[in-house]
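Given below, in the form of C-alpha cells, are the structures.
Both of the next two complexes hold chain A, though its partner changes from chain B to chain C.
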Partner chain A sequence: MNKQLEIDNLLQSKEREIAELKNLLDQKNEEIEQLRKSRIKYPSDGVIESDALSKDDIERYSRQMIVPAIGVDGQKRLKKASVLVVGCGGLGCPAAQYMAGCGIGRIGLVDYDVVERSNLHRQLLHAEFNLGVPKVTSLAQALLRLNSSLKIDEYNVQLSSANALEIFAKYDIIVDASDNVATRYLVNDAAVLSGRPLVSGGAVGCEGQLTVYNYKDGPCYRCLFPEPPPPETVSNCSDVGVVGPVPGCIGVLQALQVIHIITEKGEVASGKLLLFDGVSFTFRSIRLRGKSPTCKICGSEPTITQLMDYEQFCGSPANDKDSGLNILDASERVSPVFLEQAIAKKLPLLLIDVRSPVEFEMCRLPESTNIPLKLLNKEETVDQLKEMWATVAGNQNAESRVYLVCRRGNDSQLGVRRVQNILKCQVFDVKGGLHAWSRDVDPSFPIY
Partner chain B sequence: MNTEQLNFTVEFSGGAELLFNKEKTHQVCFPSVEEWTIGKLLIWLRDNKLTERPELFMQGDTVRPGILVLVNDTDWELLDQLNYKIARGDSITFISTLHGG
Partner chain C sequence: MPKVTILFFAHARELVDKAEDSIEVDHKMAYEDLKEKIFSKFEPIRGLKTFLIALNHDYLEPGSSVQLKDSDVIAIIPPVGGG
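Right, the complex of A and B next:
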C-alpha cells in the first residue's frame, strides 16, 4: 500500500511539473507572437521583401513556389486566402495540416467534440496529452506548432442553421470533413447560399471519396443527392470502423484541391468524383452530372432560400454517435451491477453478447456467448439457442434468466424481442451495455 | 468469348457491397437474344443477388437515394439512366456515398 501511495505522490508531482511547463510554453509562445507582431509593423531593418512575402516566407515556401503549379503569385494568393474546415477528425487533421504547411494565411476550425482515445489512430494531430481537450483547441495548437505565422480561428461549437452562414461568410473556401449526413446537407446549403466552393471528402472502412461542390458551374451535393439516404443505410466510422491512412489520404487530397482553387492553376475536381479503394488499392475518377437546373438550392428556381432543420430533413442526428434506443419496458432491463451480482451468486443464466464477431474477439465478458444480432433470426441459430437454453435452464427453468449485452445497450434491446419470440422465458437487456459495465462494474473493461 | 452471350461486370462500393453478400465484383452473363436495360438489371439484382432487405437497395423501380449508378465510370444521369441498354463488356457500378470522416 505504501508503495502505491509513493507512486501516487510521484504522479501528482510529475503532473504539476507538466502543468507548470505548459504554462511556461504558453507564456513563451505569447512572447514570440508579440515579437513577431512588432516585427511585421516595422520591416525596415534592411530586409528586401517582395510586396507580400517576407524573408521567412520565401525561405519557408521556396520549394513549392518553384513548382509552376504554385509559383510566386500562387504563394501570395495562399497567404491571403482563408479556409474553413468543418470537422477536426480523420479528414480535418490531414487537410488542415497540409493547408497550414503550405501557408494558407487563415484557417478556421469547427468541431464541438473533444479528443477521445479512439480518435488517436487516425486523427494524428491530436496528441495523447490532449485527451478530453476540445478538438479545435488541440488541432489549433498542433497547427501553430507547425506554422506559427498563421491565423487560426477556433469554433468550439456544433455547426447549425443558426451559426453556419455567419461563420462561412468569413472564409473563401469551405472544407467538408464532417462525419454525418445532416451536417453534410447543412454544409452544402450554407456553402451554396454564401457562394463558397466546397471541398468535400468522406471515408469509412477502407474506402474514401473526394469531390468539389458548388465550384463555378459545377453541381452541388443536392444536385447529386436531392433526397437524403434512409438513416439505416448510412454507415459511420464508429460502427463500421476506418483505417487511418484512408481518411489521411483523402484529407491530404482535399488540401491539394484547396490549393488548386486558390491558385487557379491545377485541375479542380468539380463534376468529378475521386474514389479510393484501400483494399484493391485503386484510384478511380468518375464523371458526374453537371449542375441540375431543377436543384432545390442551386437550380434556376431555387425553393430553398434559407437553412432548415437538417436533423429532421435527414431523420438522423448531426453527429456520428448512436442515439439511445428505448424500446423495452423498464421491467425487461437490468443494470450492469445487477448482472454482476447474478453472476457472482452463480444463478443459472445465459449471457448472450449480440455484437459482431470481431468486436467479441476484441473484448468480452468471460461468461458470455457470442450470437451477433444479425444471426439471431436465422434458422440454425434458433436451434443453437434452444439447445444452449436447455443446458442452462435444466430442471430449474423458473429461476433461469437470459441476459443480452452489446456495446451501448441498443442492439441488445432489439435482441431481447427476438429471443423472447424464440425462447418462452424471461429475457433482459443489460442497460447501457459494456460501456455501462466498464463505468459501473469494472473500469478495466475497454470502452471503444 | 461466346458472341451469343452478354457478359458484363456489376460492381458495388462505398458500402453498397454490404447488401450483396459483401462481394464487390460480380460477373454477369445473360443470353444476348434478350435486351438488358439497367432498369431490368436492378430487378434481376434485387431478386437474385441481394442478401439484405430490398428497401436498402431500391425505392420504387429505381435505386434508393444516396446510391450513384455509373456506366463505365460515367454517371448514369449523363446517359439513359434506367433505359440504358447494357452492352457487352460494360461495367455497371453502384456506389453508396460515404459520410464518415
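Right, the complex of A and C next:
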C-alpha cells in the first residue's frame, strides 16, 4: 500500500515538473516572439514587416516628424519604403545621403564605376581612401555610417535591358541619377514597364534639371523626348564639366521629391520641369504636357512592350566617358609612343591640340599648339594653320607630318579630316589622346 | 512685330555661346514656323533636333498654334545627360 502511495506521489511530482517546464517553454516562446517583433525584418521580397517606430526612430526623426509634411504616418511610410538609385555620382551621392538621413528603410544602389580622382570634387560621400573602390561599396559604407538602421542593397553592375526589370521590381520608387542619355531611356522604359514613379535629375556645367516621370497621369521621358538627341548634342559632365553644388542641389531636391511621393503630402513635380541656372542664380519651373496619348511606351497603344538595345537606339554608349568614335583608317592613326619617337628624333612636325583653351591651359604637351576643334573651320584659323605648316614643312614637305591630339582621341579624329582638307598633307590622329599618352609614355601627365 | 526674349539652356547655350537674346516674331505662329524662325536667327542650334520649347513657363506642344506678344519669354531646353 505504502509502495502504491509512493508511486502516486512520484507521478504527481513528475507531472508538476512537466507543467512547469511547459510554462517555461511558453514563456520563452513568448519572449522570442517579442524579440522578433521588435526587430525589423527584411525578407527576400523586400517587404518590411514592422512599421512601428522604435525609441531610436522617435529620437532620431523627431525633428522631421513634427513637420506636417511628414508627420508620424509619413515617418512610418518612409521606414517601410524602398528606393532604387541609378548612378552613385554627383546626383546619387546627395540624393542617397538625404534619403538615408530621413530614414527610408531600404535603398538600392546601382553603378558599375569605381571612384576616380575626378569624382571627388562633387561626389562628396566618396572619400580619398575610396579611390579605385566600386562606387556602390563606397557609397553604401558612407550611408551606413550615417544611419546603421538602414538596409542598403549594392548592385555593382551596369544597368541593362537584361537586369533592369528584375532590379526595379524590388523597389517602390526609382531615382535616375545617371550620367548619359542611353541609360536615361533605359531607366524610363523600365520604370514605365514596371509601373514605378521615376524621379529624374540632370546636371551639367552650372545648370540642373529635375522632374518626376511616370507618376499618375504625368508624362514619361519619351512623351517629352520621343526621339533620342544626336549624341554630339548632349552635354555630359566629362566633356563640359560640372560645378559640384549644382548636382548637389538637384540630388538633394530629388530626395525631397522621393519623400513627397512616399508621404503623399507635398507637391510632386510631375508634369513640371525645374530648371536651375547656377550662373544667373535662377530657379524656373516649366509646366510640361501630360502623358502623350501617342507615346510609344506609356501612350494608349504602346508599341514598346519590352526593353531594347539603348546604345543602338541612342547611337551612343551607356557611359559618359567614351564616344568610341572610329572614323579614320588605321593608317591615319599613330600611337602615343610613335609620336614620342617622332618628337625625340626631331622630325619636322606640327602637333595640334584640338581641346578647348581652358583644357589646354590645365595641361599640355610642350610641343603642341592649341587650335580648338570648333575653330578649325574658321577663315582666320585656316590662314593661321597654313602659316604654321609653311614654317614647319619648309622645303622638306615630304617628311613633314601633322599630328592632332585631344583628351581621348575622339575630337582629334574629327579634326584630322578638316586639316587634311585645308593643308592637303599627311595628317594623323594620336590614338587614345592624352589619356593614352599618360598611360603609355608619361605617367606624370594628368588624366582627367 | 512682337519682340520676345529667348533663353538658351544646356547644350543650346554652348552652341550659341550666350544664355539670352531677343528675336522678333509674329503675333500668331505655327509651332514649326516659330522653331524655324529661331533656327534662322540662331543657326547653330538647328543641329539639336531634340529639345523642348517653353513660352512663359509653359511647354509648347509641337503642331500647336502659338500666340505671342512683346516681352514674352521663350526657353530652348535640350535634355541634359550628365549627373
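As a working rule, the second predicted complex is superposed on the first by the 397 of 448 C-alpha atoms of A that agree within 3 Å, B and C clash if a C-alpha of one lies under 4 Å from a C-alpha of the other, contacts with A are read in each partner's own complex, and residues count from 1 in each chain.
Keep this in mind: a residue touches a chain if its C-beta (ideal position, glycine included) is under 8 Å from a C-beta of that chain, and two chains touch if they have at least 3 such contacts.
If you're wondering where the values come from, they're calculated on a predicted model, not measured in any experiment.
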Fit or clash - chain C, chain B, common chain A: clash
In the overlay, answer first, second, both or neither for which of chain B and chain C A:P230 touches. both
Once chain A of both complexes is superposed, is A:L351 in touch with chain B (first), chain C (second), both, or neither? neither
Of the two partner chains, chain B (first) and chain C (second), which one does A:L404 touch, if any: first, second, both, or neither? neither
After overlaying the two complexes on chain A, where does the chain B footprint on chain A coincide with the chain C footprint? 87, 89-92, 177-181, 184, 201-205, 207-209, 224-225, 227-230, 232-237, 240, 242, 247, 273, 275, 277, 280, 284-289, 320
What residues of chain B sit close enough to touch chain A in their complex? 13-15, 18, 24, 55-56, 64-68, 70, 73-75, 77-78, 93, 95-101
The answer for chain C against chain A in the complex is residues 9-11, 13-14, 19, 47-52, 54, 57-59, 61, 75, 77-83
Which residues, counting only chain A, touch chain C once they are in their complex? 87, 89-92, 176-181, 184, 201-205, 207-209, 224-225, 227-230, 232-238, 240, 242, 247, 250, 273, 275, 277, 279-280, 284-289, 320
Chain A residues touching chain B in their complex are 87, 89-92, 177-181, 184, 201-205, 207-209, 224-230, 232-237, 240, 242, 247, 273, 275, 277, 280, 284-289, 320
